[in-house]
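Below is a structure I'd like to ask you about.
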Amino acid sequence: MSDRRIPVALLGATGSVGQRFVSLLAHHPLFRLTTVTASERSAGLPYREATRWVQATPIPQEVADLVVAETRPPLEPRLVFSALDAAVAGPVEAELAGRGHLVVSNARSHRMEPGVPLLVPEVNPEHLSLLRTGTGRGRGAIITNPNCSTIGVTLPLRPLRDAFGIREVRIATMQAVSGAGIPGVSSMEIMDNVIPFISGEEGKLETETLKILGQVDMEAGHIRPARIRVSAQCNRVPVVDGHTACVWVELERVWSPEAVREALESFTAEPQKLSLPSAPPHPVVVLDGEAHPQPRLHRDVAGGMAVTVGRIRRTPTGELAFVTVSHNTIRGAAGGAILCAELALARGLVPGTVAS
Amino acid sequence: MSDRRIPVALLGATGSVGQRFVSLLAHHPLFRLTTVTASERSAGLPYREATRWVQATPIPQEVADLVVAETRPPLEPRLVFSALDAAVAGPVEAELAGRGHLVVSNARSHRMEPGVPLLVPEVNPEHLSLLRTGTGRGRGAIITNPNCSTIGVTLPLRPLRDAFGIREVRIATMQAVSGAGIPGVSSMEIMDNVIPFISGEEGKLETETLKILGQVDMEAGHIRPARIRVSAQCNRVPVVDGHTACVWVELERVWSPEAVREALESFTAEPQKLSLPSAPPHPVVVLDGEAHPQPRLHRDVAGGMAVTVGRIRRTPTGELAFVTVSHNTIRGAAGGAILCAELALARGLVPGTVAS
Amino acid sequence: MSDRRIPVALLGATGSVGQRFVSLLAHHPLFRLTTVTASERSAGLPYREATRWVQATPIPQEVADLVVAETRPPLEPRLVFSALDAAVAGPVEAELAGRGHLVVSNARSHRMEPGVPLLVPEVNPEHLSLLRTGTGRGRGAIITNPNCSTIGVTLPLRPLRDAFGIREVRIATMQAVSGAGIPGVSSMEIMDNVIPFISGEEGKLETETLKILGQVDMEAGHIRPARIRVSAQCNRVPVVDGHTACVWVELERVWSPEAVREALESFTAEPQKLSLPSAPPHPVVVLDGEAHPQPRLHRDVAGGMAVTVGRIRRTPTGELAFVTVSHNTIRGAAGGAILCAELALARGLVPGTVAS
Amino acid sequence: MSDRRIPVALLGATGSVGQRFVSLLAHHPLFRLTTVTASERSAGLPYREATRWVQATPIPQEVADLVVAETRPPLEPRLVFSALDAAVAGPVEAELAGRGHLVVSNARSHRMEPGVPLLVPEVNPEHLSLLRTGTGRGRGAIITNPNCSTIGVTLPLRPLRDAFGIREVRIATMQAVSGAGIPGVSSMEIMDNVIPFISGEEGKLETETLKILGQVDMEAGHIRPARIRVSAQCNRVPVVDGHTACVWVELERVWSPEAVREALESFTAEPQKLSLPSAPPHPVVVLDGEAHPQPRLHRDVAGGMAVTVGRIRRTPTGELAFVTVSHNTIRGAAGGAILCAELALARGLVPGTVAS
């Protein structure tokens, strides 16, 4: 039997997020990983030797023997995932888009560019229309995956905005060390400790959220940011995987905890309607336990693609408060980007394919 | 040489907080620990055998051999510290106060009672005047030490209120496991995890803060709570000692980060003026590091009696934000209670003594 | 379609090991969990309410609604798994065996009894012949699952003994907290710490290993212990799941690291030949990484049913040294016991069934 | 009052071990830190800016303002501590010794050189006689501090050898992350994990121990290694500070656990007789608790300069077994090196001084 899956390339395949991409693409029904790239130092080695594998599942056999290419054009696959560091992602992603590739990137380099969708497939699938306006760098284009903590927060915010309107949001995150990659956070710094600062992270949460919840302005070819005020305080905690966030939301219209719960639980969107392979049945799962959600117990709900929410309540300040947990390297990185690509494929945005 | 220190008793001496009291009282210049109590099961044993000591310093020699008494009257010392669980503290503390003891308690049982001061010596020393009004249960009285996380937050709030006025406060805590005592939090629950719930904790922060920042109404014999709205989200994190809190404060008057810093750094109060033995030189220490304060690095500043504050800034929501770390079993429990007793002694409130 | 699986009961279903049994039995092809028991306090409640579930996967739907029975006869299923604490396991397991049940127990109570197999299915399947001799307590019987750390060590020892003979074994374990159950080890005790003592554990490793590697004496109706000397030093470390052991083995015959590797990798036994559902393809998996195996990376190899071994080498003392990791609550507890039952079923030892 | 303390330099002052040196030298009665060096990148900056300080106590005021020098001659102080990485330590230490400095080094570069003492002051003070033989590189010399885990193990081995003779030693270590410096071990690698390999560590334990316990051969100008066989298995565990080791010792003569205890407790040596400032009253402290010693509870015994030992017992293999904990960055690094220098100073080996 011939393998009719679409060949894909993965830039930055040996890092922490790159390894997650490799794991998640292992048995993907639509995509086949045929090209892995890394820095010059690793190029020419088989992937198994080029990577310091730290996933709990072994390297997929068909990837282990791929010879690592250097991260630069030309690349054969038209669909390219990028797990590059922001330090190097910018120019190479732009060049690949210019050569006609669709680049789905987890790096921050192009996230805030006007013509580039910052996509959470259930939250703002309509932003993909930016790519049809010709602002998408020739036939190729870039789609960016938001910051890991932004994804976890915007998923519950979308149904809340639709149902009740949102005025202000305050977020205190407790983020896992895997978000910083390998070597990332030194054990000397984080063991028996909290680090109440992650460089650039608060700004990302505060600005990316507004773009994601914003409106497409087709004439201007960009997104008008949502008129919401967001304040974030970001902390690193001694957790391997799974970001936790305490959220306060000041809503515009009358609400009750029950109505909030109903809005979150009933939320589905285009990825669910299209039954995309990586789409969780419910993107937001509400938990009842008084001390839930917790990262170790709930980061893997729906294979790490759903966000869990608990402790929905009204505070003495009159706001909605809740706690949310999301898997930062699955939904918040590799898995989220793969879902973006699945949506793009379904819409016919992958060069050389047509809408399904 | 005769030892002229005042004899003190310690109720609940074998638990986690009790052990901290024992350590901190070891070489105290004013107090001499002569009586230790515990449950019936431990009574009659030497302290060294009755306790499962988990402090990093050894049991002080003069305490190791004390025979543990049962937790009930009569007790010889007029000054009594209580490290009892709330489950048993209420009646025995009340009975001791009725018999003329001054009970300085770390338990929550009497905290919200009208005539009982909820004391942070630098924040509301004037609340001790409640004891002079005759509401103090005969000649004896109860002074209560607030919840560990409340103490850490009210210390910076007092100078901020004085300088700028406070309208609303939002707090997300990341609390150490030592706050739950021994055995306390199961390692199976907290390792590689965050538990976003601590029973009763959010309510304590939201109500105790208002009492502490409230005004004495001498006629009514109680405290009029401050008109501030406080909302807390409390989390347990895998840290041994030291509570971290991300705080948002909506101030009433014009402020700047520099003015806030100045207000915090210049804050001193009665314990500093009186040079009480356990009083830190500065109750609030402002740190400059972009990722400070951190519990492992800063919980022991000023012997664990100062609160550290960092990351003072203005948020997109227009509020003041900062991060604070305090040692939950020193300033937030045993050390805080000892400082309460030192202040009471200086004011002549310890039965059988006069004001210094 | 009718469900032709054999109904099974689970004693002590709400604890840590009990929860693992529930998870692993969820979609078992041969067994159907129909009866769950717990202490009097939980009896009568639906399982979902009686248990404080801490597994990363949700409670299987068909178990969540089972009403918890009290742990005592009569029980309907003829095959009974026991996840009871040793404190209560002894009499109730004996009574059930006397009433004709086959009890497969994870408790230590009956492990060292003469007529009771202490079974690691790949290591000493021949010990099941004890049950045919009539020493097996009437028609019913007890099969015991060894201590979690014993299982992980005996799996590689069996092929080594067959190939090279064993004179002495020294073992230093680094054991996960899940082995102590819930609440088990206090976080105050184990965070940022090693506890170099686990009550009774070293003795279990030192004696159980000899019974498991011993010979059936059919006339005497017991096991003659192996003539090996074993010394263990057992430590608790801050790891959630997965026991690591450093092992020194003094072999009797000529050996080389390559020959050891070959002996371990080629080892298969009756469970593999019978293709039992829970049997890993290779019970011992040898890893090449210079710093492997590691509990977080390798505890789940073969679904947690294989033992991983690495760092095979000759020491300056002339011995074989290696490191082994095994999943203490899967292969070392619930999964190991289920594999015991699968083997017993295949041999026709489950009352009311015949050999397959 | 003039400060009559001896000026000292510290090479590699900004790293993890360097910071410990700075802390421990802060109020040293004999030495005054006047020169701190680091790599070219940091040279010229005040120490406070050049270092990423991670100690729980603040930077000593008199060091904070020192301007960092580059790590190369000339240096003013005749006594030089080296906290350099082995990668750069070798040539610069040799050059400084050649220029007449006494270099007390924590790096491994010169440890196994014939004329260089590998010194644990209580264990082999007689090895300093090597320096008098003229093998000490001119008037200057190098004294090396052993590997952190070697120090912890040789301290109890010395009195055991004297009392009972030693044939074989097996050691399984569980080592803290601080031993690897900053950034050192990635949190992604060690959280919820054990890493059963530390590059080069086992070899160091196996060979350094033999040199330390060896005999000076004055004619040959080197140390004849002890005729003992040592085998080590080294593991990294999630502990911040404090190395734990499980040790098996095959003794040559008749022994009992009580006699072992007596030998360890009564052990003192030249540093104690000379009352050197950093010498602990007892270099080996025996603990009675059944689960002691533990790194978090006992690493700071005697200011981190004593080794604690517990669980002394006879194994089924007929050996002595015990558990030991030592502070790897105090006794095992900076503190140990300072004690070496104190002994050298007392013996008149510091250039420009005479024996006290």
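Each chain gets a letter, A, B, C and D, in the order it is written, and its residues are counted from 1.
Keep this in mind: a residue touches a chain if its C-beta (ideal position, glycine included) is under 8 Å from a C-beta of that chain, and two chains touch if they have at least 3 such contacts.
Values in this document were obtained by computation on a predicted structure and should not be read as measured data.
K.L.:
By mean C-alpha position, what chain is farthest away from chain D?
P.N.:
Of all chains, A has its centre farthest from that of chain D.
K.L.:
Tell me which has more C-beta contacts between its two chains, A-B or B-C.
P.N.:
A-B
K.L.:
So what's the Cα centroid distance for chain B and chain C, whole Å?
P.N.:
Going by mean C-alpha positions, chain B sits 48 Å from chain C.
K.L.:
From the mean C-alpha coordinate of chain A to that of chain C, what's the distance rounded to whole Å?
P.N.:
One centre to the other, that is 40 Å.
K.L.:
As a quick test, compute the distance in whole Å between the mean CA positions of chain A and chain B.
P.N.:
Comparing mean C-alpha positions, chain B is 43 Å from chain A.
K.L.:
Identify all positions of chain B at which a residue touches two or more other chains, and write them in rising order.
P.N.:
Within chain B, the residues that touch at least two other chains are 54, 191-192, 238-240, 296-297.
K.L.:
Could you please specify the touching residues of chain A with respect to chain B in the complex?
P.N.:
168, 170, 172, 174, 191-197, 206, 229-231, 233, 235, 237-240, 244, 246, 248, 290-297, 310-311, 315-319, 321, 323
K.L.:
Which part of chain D faces chain B closely enough to touch in the complex?
P.N.:
54-58, 191-192, 240, 296-300
K.L.:
Write out the stretch or stretches of chain C touching chain B in their complex.
P.N.:
Contact set of chain C toward chain B: 16, 54, 177-178, 180-192, 238-240.
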